[in-house]
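There are two complexes below, and they share subunit A, which is joined by subunit B in the first and by subunit C in the second.
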Partner chain A sequence: MTRRSSNAVPMLVVALAAIALYFPAMIWLNASQAQKLLSRGAELKCGDALACAFNLRSPIIPAPNQLLEDIPRLYWPLTDSTTVPYNAFFTGLETLLGLLLGALIGLGLAVLLTSSKAFERAVLPWLVASQTVPIIAIAPMLAVLLGANGVQGLLPKVLISAYIAFFPIAIGVAKGFRSPDPLQLDLMRTYNASPQQTFSSLRFPASVPFLFTAFKIAMAAALIGAIVAESSTITDAGLGRMLSENSRASDARGLWLVMIGSAVLGIVLVSLVGVVERLVTPWQRER
Partner chain B sequence: MQTTPIPSPRADALVSVRDVSMIYRTRDPSGAALQTVALKDANLEIKAGEFISLIGPSGCGKTTLLRLLADLIQPSSGTLSIGGKTAQAAREARAYGYVFQAPALFEWRTVQQNVMLPLEIMGFSKPEREARAAQMLKLVGLEKFARNYPWQLSGGMQQRASIARALAFDPQLIFMDEPFGALDEITRENLNLELLRLWRETGKTIIFVTHSIPEAVFLSTRIVVMTPRPGKIEKIIDVDLPQPRDFETRESARFFEIATEVRESLKHGHGYEVTE
Partner chain C sequence: MATRTVASRQIGSSLHAGLAVALLIAGLALMLVVISSNAALTDMWGAGAMLGVYAGLALGLGGVMMLSSVVVRILERPRAKDDKDWLWRQVVSLLPALLLALVVIVAVEGLVRGFAVPFAQIPPPSAVLAKLFEARAVLLRDTQITLLETLVGFAVGGTLGFFTAVFTQRFPFLERGLMPYATLFSSIPIVALAPVVIKTMGVDWESKAVVVGITVFFPILLNTARGLAEVNPLQLDLMRSYAAAPSRVFADLRIPNALPFIFNGVKTSAVLGLIAAIVAEFFGANGAGLGFRIVVEIGTANLDTVWAAINIASLVGITVYNGLALLERRVTGWHSSFRSDS
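For the complex of A and B:
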């Protein structure tokens, strides 16, 4: 526990450094943008470039006064379909369901990959190939295919999310199943343990730390899958929909806030995996 | 070439090794076939209740012999029997407990749960598992650490836990493969004393692999001296030091005589690369 709280100080230092960098970067980037606009003779109604840095309609980086104005507008009320939290809820739900489905597929594949060399040789290259197809190219096709068969709502996005989540889980967990020490495997052999007993008493528990590492990677990937799926399909809710709408409207301030919301959602989801990990792996606590 | 005298087979032998050889066939980088003779024509009879040490430098086949007895590997030729069964049948009947070079504890299990592992695999009831684990932990002096995880224990304590695990299902025969090899000299001497006490109290038969001459002399009723290239049994030496043995045993004249005899046999077989 002491080890964990001591992480807070270095993290805080980095956060403060990021904020310290934000101000000069914001002023420098926005002021040069304003300078460019002023030199073209644009009417900015804000005096010189430095003053305009805080009031651009489309800032490179939003100024603090703009953020303070936008946060209440885009984050409240929670139940309004135009706010970030409302849409983040749906994106988060799709991500979690996608991860769950991806975990089921990934665990099944990991069992097959480690129990049969022939299966590994035949299937692993195709699994790798499946991940080299850009998700942005698959998402609309899947959405159209599923839509044509009457599948709508969350499901297409959950499927796309699961499509990229299963892979790190399958690979990570397969590695975990193979992680026991040769001596530990010999030990099970001296007990004349059945393959099922060796799996449940040794291979599976040994894979748990690998499982959670894979879940963290898969969670981040599933979130990307969900957002890409939302922005490339016709959908009524989600951060991906907000991103594409704000992008079409060239609303830089809105895009920034959706982006910040996505980042927070990602951090929350990945930390959720960390919390579950600490609950189910007591032997790693306080280490 | 000197031939090893073959002991006449005895009816009361618990463990019997007859003309056992182990040859590994590999290929060198150029693809040519290579034969490594890990063990050549080994013969050994062990009675119930003995404490046998296999001693020799790396590559003399001592671990190979132990792994053959445990049916973790199978011999190229010859026969092994344990309690009248083949090595495989003995393993399937859970005739022995094996203590490895490393503790090989499962890090997600507490010390108590580690000791209960073989009992779970073998289908003991929960009350029986708990009773035996408690008894074994007391025997190795770890009862206060039952609920700790392995990483919270020192190396010596971890190895004691692995000995408790090997004893938990009460096998008559215990194989130990350099169990104290990774420990410091002081911890090792203490554990040697404890192991002797365990052996006296439980009446087990122990086959113990080591590369330390004092350890072998101190612990054993007989020492099997092995030499490398090819791995073979050079000589079997009786250790007639009186029981119970203690720290003073190590200072007796007879102790040094036997240690010298072991050293001479190792030299004779060109296997004198042994740590003191």
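For the complex of A and C:
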């Protein structure tokens, strides 16, 4: 814990260095863009290229004054359907529900995987292969398929993010179920414990740390699933909808703010898993 | 006595295997007969035929599970000293999974045809296979573009990640300042990044390569840094008593030690990079690319092409991952994670 607080100064320095890099890059890229526009004979109100760098309509990298200008437009009022927080709420909700559903499926699958060697042989290679497969490619098609069968509202997005999320959970938890060492399993056998008892009092507690690592990976994946699902269906809320609408409307400045909003949502959701982990497994806190 | 039990066990297991194969063949045959009879769920005969598909699926699944338990027993037998049967074992260990896929695909074909599922929702697997061959020129071009994006992005992002990790190892201040951000970045959805990059850089392949590069940078950085840091202090002491120069310590101790971690990062981020390229193509591409193909063909309800593109993407993912895993085996075969089990 004391180490973390001592990271503050280096982190601040790195952040300042990033800002110091951002200004020249922003001015250089935007000024050359403005120069190009001016040389093409476009009438810009701001005068010369350097001054225009801060006021381009679609900048290469938006200037800080532009971002600040747009924050009230896109982040307030909270309940308006064109603002980032409103849409982030729905995306977050879909992600959380998707993760819960995915966790249920993943846990069930993990139990099956650990209790039957034959099932594992036939199914596990596909689960492993699915990790190396861009599953997200199926998301737009699932969205169409679900839409055609009358599944509407939040549900299709939840189903897709659950679909993306359950693989990492199944793999991670199955690994956790197998993590008790042979001595402990032998002890359970000498106690004449039934398979259920071995599960509930040895395998399940042993899998808890693996469970949370898997949840963190699955949460990030589920969020991507929810956003892709939103951008490939006709929806009325969600960051994915904002992304595809703004990119169609060529609203570069808006896109930047939606991107920042999604990044914050991702960080919040993953750290939420961390908070739950600390509450559920207090004995792990020292590590 | 001992020989008799071994013999009887072998007879038992070959009976078991024979039964499994018989079930499997019966199930597959039943389903194929129904499929070739072109039955549809419109009359009594069709309903009976569909029951045939269900029965065939059940038989096939039962056969696969039985065969799988036989395979488990075969693989539990002690391994020969030389690795001569390595390939054979590999084939046997994959057999249940391949047969499971075969049974499921044939069942899907039967069900999709029987229930007359609209082509615009689920195309029958045979149509996807036909499309894979028919549209091979277009799909090959798409695959090339997506691979180009992935490879260039991976090479640049990975190299940057590696050297950043080396720097953070040399300068602990940088490590403490940079690493928390790197972990933070791993929870950011790349989908949100893609439209911004494509808007600023245009729809050509370079913009997607940049998205891949950003995606790949952080896992490589994190894994390499962890690998470089995890050095046995005793070995460091030994290097010091040899009066080894820092560059020698780095080349002879830290890098070899980090290799398993680096390979882990390379394997996972290669797959992540492929996914990033495909997702980025959803948001804009210049007429080619697997992700582009998927989105465009969904728009015109050509789902056979969509599935064909998905299959190619999967094949590329599996090939890249396993190719890298094979390379890892060759390069870091000495490492304990390969010596102990598997």
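The rule is short, and it goes like this: the second predicted complex is superposed on the first by the 256 of 287 C-alpha atoms of A that agree within 3 Å, B and C clash if a C-alpha of one lies under 4 Å from a C-alpha of the other, contacts with A are read in each partner's own complex, and residues count from 1 in each chain.
Note that in this section a residue touches a chain if its C-beta (ideal position, glycine included) is under 8 Å from a C-beta of that chain, and two chains touch if they have at least 3 such contacts.
Remember, it's a predicted structure, so these values are computed and weren't measured experimentally.
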What's your read, subunit B or subunit C touching more residues of subunit A? C
After lining up the shared chain so the two structures overlap, which partner does A:Ile267 touch, if you call subunit B first and subunit C second: first, second, both or neither? second
Quick one: is A:Ile227 in contact with subunit B, with subunit C, with both, or with neither? Answer first, second, both or neither. second
Taking the superposition as given, does A:Ser201 touch the first partner, subunit B, the second, subunit C, both, or neither? first
Does any part of subunit A touch subunit B in one structure and subunit C in the other, and if so which residues? none
Subunit A residues within the subunit C interface of the complex: 6-7, 9-14, 58, 60-61, 117-119, 121-126, 129, 131-134, 136-138, 140-141, 144-145, 148-149, 216, 219-220, 223-224, 227-228, 231-232, 239-240, 243-244, 246-247, 250, 252, 255-256, 258-259, 261-263, 265-267, 269-271
Touching residues on subunit C, where the partner in the complex is subunit A: 64-66, 68-69, 71-72, 93-94, 96-97, 99-101, 118, 120-122, 173-178, 180-181, 184, 186-193, 195-196, 198-200, 271, 274-275, 278-279, 282-284, 290-291, 294-295, 298, 303, 306-307, 309-310, 313-314, 317-318, 320-322
In the complex formed with subunit A, which residues of subunit B make contact? 70, 72, 91-94, 96-98, 100-102, 104, 106-110, 117-118, 120-122, 149, 151
Okay, in this complex, where on subunit A does subunit B touch? 181, 183-184, 186-193, 197, 201-202, 205-206, 208, 281, 283, 287
